[in-house]
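Worksheet for the structure shown next.
Labels run A, B, C, D, E and F following the written order; every chain starts at residue 1.
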Amino acid sequence: MATTSHRLHFDQELHDLQDNLLRMASLVDSAIAHALQALADQDLDLARQIAIEDARINEIRFKIEEQCLLLIAREQPVATDLRAIVAALNIAGEIERMGDHAAGIAKTVLRMGVQAPIMPLIDLNRMADESRSMLRTALDACVKRDSELAQSVAWRDDVIDGLYQDVFRQIVGLIADDPAITTRAMYLLFAGHNLERIGDRCVNIAERVIFINSGTMKELSAGPDEHL
Amino acid sequence: MATTSHRLHFDQELHDLQDNLLRMASLVDSAIAHALQALADQDLDLARQIAIEDARINEIRFKIEEQCLLLIAREQPVATDLRAIVAALNIAGEIERMGDHAAGIAKTVLRMGVQAPIMPLIDLNRMADESRSMLRTALDACVKRDSELAQSVAWRDDVIDGLYQDVFRQIVGLIADDPAITTRAMYLLFAGHNLERIGDRCVNIAERVIFINSGTMKELSAGPDEHL
Amino acid sequence: MSNTPTLQKTIMTDSTRLKPLTTNAGTASEPSETAIAANHINIFYGAFKAIADVSMAVEARKITAIIGPSGCGKSTMLRAFNRMNDFVPTARVEGEILLHGQNLYAPGVDPVEVRRRVGMVFQKPNPFPKSIYDNIAWAARLNGYRGDMDKLVEESLRAAALWDEVKDKLKQSGLSLSGGQQQRLCIARTIAIRPEIILMDEPCSALDPIATIKIEELMQELKQRYTIIIVTHNMQQAARVSDRTAMMMLTEDGKRSGTLIEFDDTNVIFTRPKDKRTEDYVSGRFG
Amino acid sequence: MSNTPTLQKTIMTDSTRLKPLTTNAGTASEPSETAIAANHINIFYGAFKAIADVSMAVEARKITAIIGPSGCGKSTMLRAFNRMNDFVPTARVEGEILLHGQNLYAPGVDPVEVRRRVGMVFQKPNPFPKSIYDNIAWAARLNGYRGDMDKLVEESLRAAALWDEVKDKLKQSGLSLSGGQQQRLCIARTIAIRPEIILMDEPCSALDPIATIKIEELMQELKQRYTIIIVTHNMQQAARVSDRTAMMMLTEDGKRSGTLIEFDDTNVIFTRPKDKRTEDYVSGRFG
Amino acid sequence: MANADRIAGSDVFRPNLTGRHATGRFWQTAFLGATTVGILGLILLMLNIVNNAFGLVAYADGEDYLKYSPIPVEQLATSDLVVLLTNELSTGAINKLNAEQPLDTRSRSDLLALVFERILDREVVASSTLAEAVFNRQAFEADALAKNPDARFVFKSWVTTDFLTVPMSSQALFAGVRTAILGSLMLIGLTIAIALPIGTGAAIYLQEYADKSLINRIIETNIYNLAGVPSIVYGMLGLAVFVRVLEPLTSGAMFGATDTNGRTILSAALTMALLVLPVIIVNAQEALKAVPDSLRQAAYGVGATRWQTIWHHVLPQAIPGVLTGSILAVSRAIGETAPLIVIGASTFITADPSGPFSGFTALPIQIYNWTVQPQAEFRNLAGAAILVLLVLLLTLNASAIILRNRLSARRAN
Amino acid sequence: MTQALSSLPVTDPQDRHVDWAARLRRKPRPVETVVQGLLFLCGAISILTTLGILLVLGNESLAFFTDPEVNVFEFFTGTHWQPQTGDFGVWPLVNATLMTSAIAMVVAMPLGIFAAIYLSEYAAPRAKAILKPTLEILAGIPTVVFGFFALTFITPLLRSIFGEDTVQIYNNASAGLVMGLMIVPLIASMSEDALSAVPRTLREGAYGLGATKLETTVQVVLPAALSGLVAAFIIGVSRAVGETMIVAIAAGATSQLTFNPFEAAETITGHIARISGGDLSYGSLDYTSLFALALTLFVITLGLNLVSRWLVNRFREQYD
């Protein structure tokens, strides 16, 4: 898009669309952070807040979808423009589901209530940090249309997967130690699962970025359920 | 599309697109059936078969996406046509993820290996039957552009959710009884989770059908992670 | 590229307000001001009723597109807004066109004055065979403009996004310009007499795609100050440029008069029109 | 509706083969037959080189669109395929156009015969001021047609999707038809002399959208038997109808000759063109 | 076409291109032939005129010069010629000549001509065409000498400056076309002055104002038909209306002129104006029609009135067309003979026309008169006069074209 | 851009104090009214001309036909025109008129149309640029010049070919031939215009179907231009019928009913010119008889014009 374009108006709209994606991602980013915080602090208010926030994210997702629809209907995009819009449709969907995952963690918090955690959240926090960083990088790659950056996101998913494996093993161990905590342990596992899924979705976004640039879809990961 | 159209060629293509969606759904439908069968019979070959099948489904999904992209680029659809194509994009994504879920169950089978199930699969089978039926109904509603039929799909998701709750409780109970089976129990739980997600995705398809007809997205379910 | 906000930056900002699409017409909540309104208009050519009972309120500082199949009376309707139909001897207009509450077809209204307030840009660029400067100055002078003519010419040309291309050759004939430039000159000329409303009848149909896009961009600029009504055959163009779209069609009673069948935000017309005929038309299906 | 396959039915069928999009041009795997080929063509108007070194192999029974900005030599190139440029006294063609291995510009080749084999449909419908019947019969008779003329007329009109509309008024003047019908009559007339290749220079630019869509549908029918090359200004049209798209543009060496910059499947050109200029052009950006 | 047989269905066609191309060549020759015949006609016509305008003349004097002068009069000094004339001509004749131009201010050639004509009674014996003079000189000379043994021979160009500047004479050797030229010029000037504004006005009315009402349709049809009415009918109209009914006006009686009847330049100009009016209107209408409607719409669209639109845009655009059309129409009038004959332009007049109310003659009238004279020398005169007329015509046409180019050049920037 | 736009004043629609009714009210425009009146008068002059012609011709003809010496029936059927002896039968004059016109058209029509075809379809642009104006010069040459040409060139030529005994000094053949030559450029020019007006696309259409140049020209272009060609023909006839000077000079001054083109026979126009050229007293039978002849001429040419116009319109309807 570095050319002297004669469709300033359209370019402006593409730009707005991108901005909206970024805003949405930023909401999700903080939702993940908050979810982990709520989990750590058993902060039920914060958890409830996240659920409300998630409704807003969903709303934005449909707004973006509508924007994309309008852009297609009104501007007849082709080639890169069209791929960017279709990618935006997909990316908005992915981000929205990430929001759902954050909300899922928040719900876990609500279900567990004010009970001390059954284990330290170190790995989960690392997963969250990693996934948030991946999200930022993926969106950055999207804005910059940088395929290499996007590729790097995919590689980082392995870190999250590894952490999740650890969490899984830890939890199985904990249950074996004390079957009474099974339910709470499973909640924690689900939180981990949610974070793992967030990582997968970042990879999906990265795939879309490469798609915008190359015009072909290439799967960067072997699919989200590899470890389940 | 009952009018005497003057875009026969385009209509033909829309029709082909729909056919491809149906074919893809039919593959997923049998994948789910096979997955449950593999789970019941500990049939590792069948499970591997499903994984291979899943790769094909993914491929079809990207073919359909490409079809949609080409249709948008070449035919400049607006209004219902455009919504139908964007919906097809989404529906293809949803079906592909259903395929992943079926593959997820198959992987569970592979992980568990030839061990007798820790409990009868009655509820899981019922979930599978229900979700397959929902899938068919959702696609039927899509083909017929029948919003009421689509609505009915959403309602039926509650049945699956209820079944999943039961499965969850059963499994927590089993682990409490015998912590040694924790890992296998969790695999089963994940299978249930996968089936539950398939149901959610059928609701998403139903939402898209209503979107094609009405032009607005209305959420029929409160989100996939309600019960996690 | 460098000033594109990235996620890192965005996260810093508190505002998470959604950026609306700029093509978006004002939402229903925004109170809309009517610039000119047709009130139960019927137009006849001799005994033939070309327009049957069309009412539409055109919003100020918006671009309103009139679309519809050939012969449905788009041009006829458009020309009713500035009494251009007066030049067709057989034409007769019934009903009211209200500009500031004044009916343009009331007896005693001067059509010449009407045309000054409601300017028009035509299908084929039609600059006067005069210099670029005089093309603009003539009409202004005619209408008794007393101010600094050089300034007016420059401002009008700037407003029509033509100044930079012609500032060194204002004395050259308007006809020496390319088609797209000529059309912008015609727009500049219209702007120079300060109309409130600008009518455009297929202003790009004689232009190539490049020139077309330039005119479309220009229209987006102009709508900040002017109310624009554009007739176009090109549905994509209507979709691209307009805020509101009026869909006209022939009545099906055998009389083949043109009538308004749907008038709504362009977003709605092109994504979820209410009328089946609109849907068929915009998606290239008919019948 | 009733025969739409539903999931239930589909599941019964074994075939899970993906239905390809019918617009899809033949994939690379399918061996493609060349109908006519330009071989290092240069075309001059006097000293001005309008076309610089264009080579393209046009596939048989496909629709090939030539697109590009105004003045880039699309029409010139098209007219080279049937030696229509012979009528421009200053025009000179270098290089070869091969039809079945025979260079159309070789000495001794009769341009009259070339034009019979490579038919042409023009921008403005140009039926002869004769009856509909004679419009078709004339050229056939001229070329020594020996068969049943009534049958030929009917077949040609049917092939041009016009028979039903005119079968009761074959004796009426071709000029009494509407623009779209006239254009289909011109196509029928061309088909009647059984060319192998049909050239079309912006065949819809004088038509309204309804007539345009009809012609486009007709082209889809025709390509089963004929090779079609169409020049169009309308990118959407090229996207809709063609299987292959040739993108032409002026060279940037200041000489402003037209040249071929990309020639590929239409699917590729409109979704992932290789050349940046093609990308800019098809997405309405230039520069 | 090497692989022609590969083409499906081509067997039902037998194009027979060789035969068709041969027919084509035959007819092309025929078309070219017709054009050539047309051009040839023009060339013959021109040659014929030139052939008549130059040639050998055999002349003889009625009186021997020795009666008046010892040496041939050609060798007399200018002053001697004046004396000779004063002596030999009657006082009345001398007074009349002096009134036209005093004898002593006249040129030598002028005086010589007077001497030849009035005193020596010089007459043409025989006259030849250019062709005869060149190819058949002996026979011609023999013929002439047989008629008059005193005949002297000279090769003469009938178009000379004298021919242009002297008035009419019944003697072929001394006849000129000054009065006719002046008559033609005045006639044409007056015709333009009358017909141009009216014609343009009518065209503007019909093209810009007239709706499709009955009266306007009648006017249109009427003009078209008038354009096809033979010129001689206009002559009859002029005769009955301008010469007879309006005699007090056209003779100038209303303005104090006394010496003429209704057969004046004014009558002729009015007649000619009516004659060319339909053509001017049709031409002007064409010129107005050629102004694109978009220009009018442009002006109306920025709030111009109808007359502002016409005056500022339509007319300036159309004026080159209007003017050239009009000048070409009027220049045709310069060659019109029949109406002038009918309204009775004088055939023999030596006095220059003095104004719109004077009687007059015109070039075509002269040509006609000389042509129908039986003597060969008058054919020569007619040929010479035709040359003059053609030059005049060419000048008018050329000026029209120059005018058009000037105006359209100005309009372009 | 936006900057410039906002600095440009616009009528402020918000201004509630503006009296819009007053602003839009019609203002008196006297110039417009006066100018329109004057222009209408100019147009009306043509009506006056026609009325004048009808009145003058009708009036004097009436005087002629009501004269006791004249018999209307004899006028239209008589085969002798001898005013001196009171014979007023118009046929000799009409016959000569028709004969000269027919000869003229036989010459002019093929030559004119062929030349037009050559110019419009075959001639290279440069040749056309020379040939067409040349032909138009021919059209601009005064008819008296053609008369001179007939008498001094064609007549001697005919006489040298067919013998001085066969061909009289004044004869219809010479007049007719030259008249034909005079009309060639008229027909060529009008036909060329008609042919050139046939859109280029029509020719391309024919060529595109494998037609040769001749086939395109004769079978496509000519029919399309037919209305123009017919109009040219009729205008040519009308011109020939009304032509005066050539016949006045070359056709002779004896009114006789003959079908021999080599004999002298006076035409209507020739007679009018000859008689009115002499001294004749207003109101005499000689004088009024001329108006009766002129009326006849007027009716004939008017009829031809109307037919040509009708034909043109009819064909235009068919082909437009």
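The rule is short, and it goes like this: a residue touches a chain if its C-beta (ideal position, glycine included) is under 8 Å from a C-beta of that chain, and two chains touch if they have at least 3 such contacts.
Predicted model only: the values in this text are computed from it and were never measured.
Any chain touching chain B that also touches chain D appears here: A, C. Minimum number of contact steps separating chain A from chain D: 1.
Chains that count as touching both chain A and chain F, per the definition above, are C, D.
Homomeric contact chain C/chain D is classed as same-residue, with over half of its interface positions used by both copies. One finds 50 Å separating the Cα centroids of chain C and chain F. With each centre defined as the average position of its C-alpha atoms, the distance from chain B to chain F rounds to 88 Å. Once the centre of each chain is set as its mean CA position, chain C and chain E turn out to be 58 Å apart. Look at where the CA atoms of chain C average out and do the same for chain D: the two points lie 35 Å apart.
Contact with two or more other chains is made by residues 112-113, 116-117, 142-143, 193, 210, 213, 235-236, 239, 270-271, 284, 286 of chain D. Contacts with at least two other chains are made by residues 6-7, 10, 66, 69, 73, 76-79, 82-83 of chain A.
Shared interface positions of chain E, defined as residues touching 2 or more other chains, are 15, 17, 20-21, 305.
Here the chains touching each other pair up as A-B, A-C, A-D, B-C, B-D, C-D, C-E, C-F, D-E, D-F, E-F. Chain F meets chain D in the complex at residues 124-125, 199, 201-202, 204-212, 215, 219-220, 223-224, 318-320.
Against chain F, the residues of chain E that register as touching in their complex are 15, 17, 20-21, 23-24, 27-28, 30-35, 37-39, 41-42, 44-45, 48-49, 52, 197-202, 204-206, 209-210, 216, 218-219, 221-237, 239-241, 244, 274, 277-278, 281, 305-307, 328, 331-332, 334-338, 341-342, 344, 347, 364, 367-368, 371-372, 379, 382-383, 386, 389-390, 393, 397. Residue ranges on chain E touching chain D, taken from their complex, read 1-3, 6-10, 12-17, 20-21.
Taken together, the chain C residues at the contact with chain D in this complex read 69-70, 208-210, 213, 233, 235-236, 284, 286.
Interface residues of chain F, counted against chain C in their complex, comprise 1-2, 4-11, 13, 18, 20-21, 23-27.
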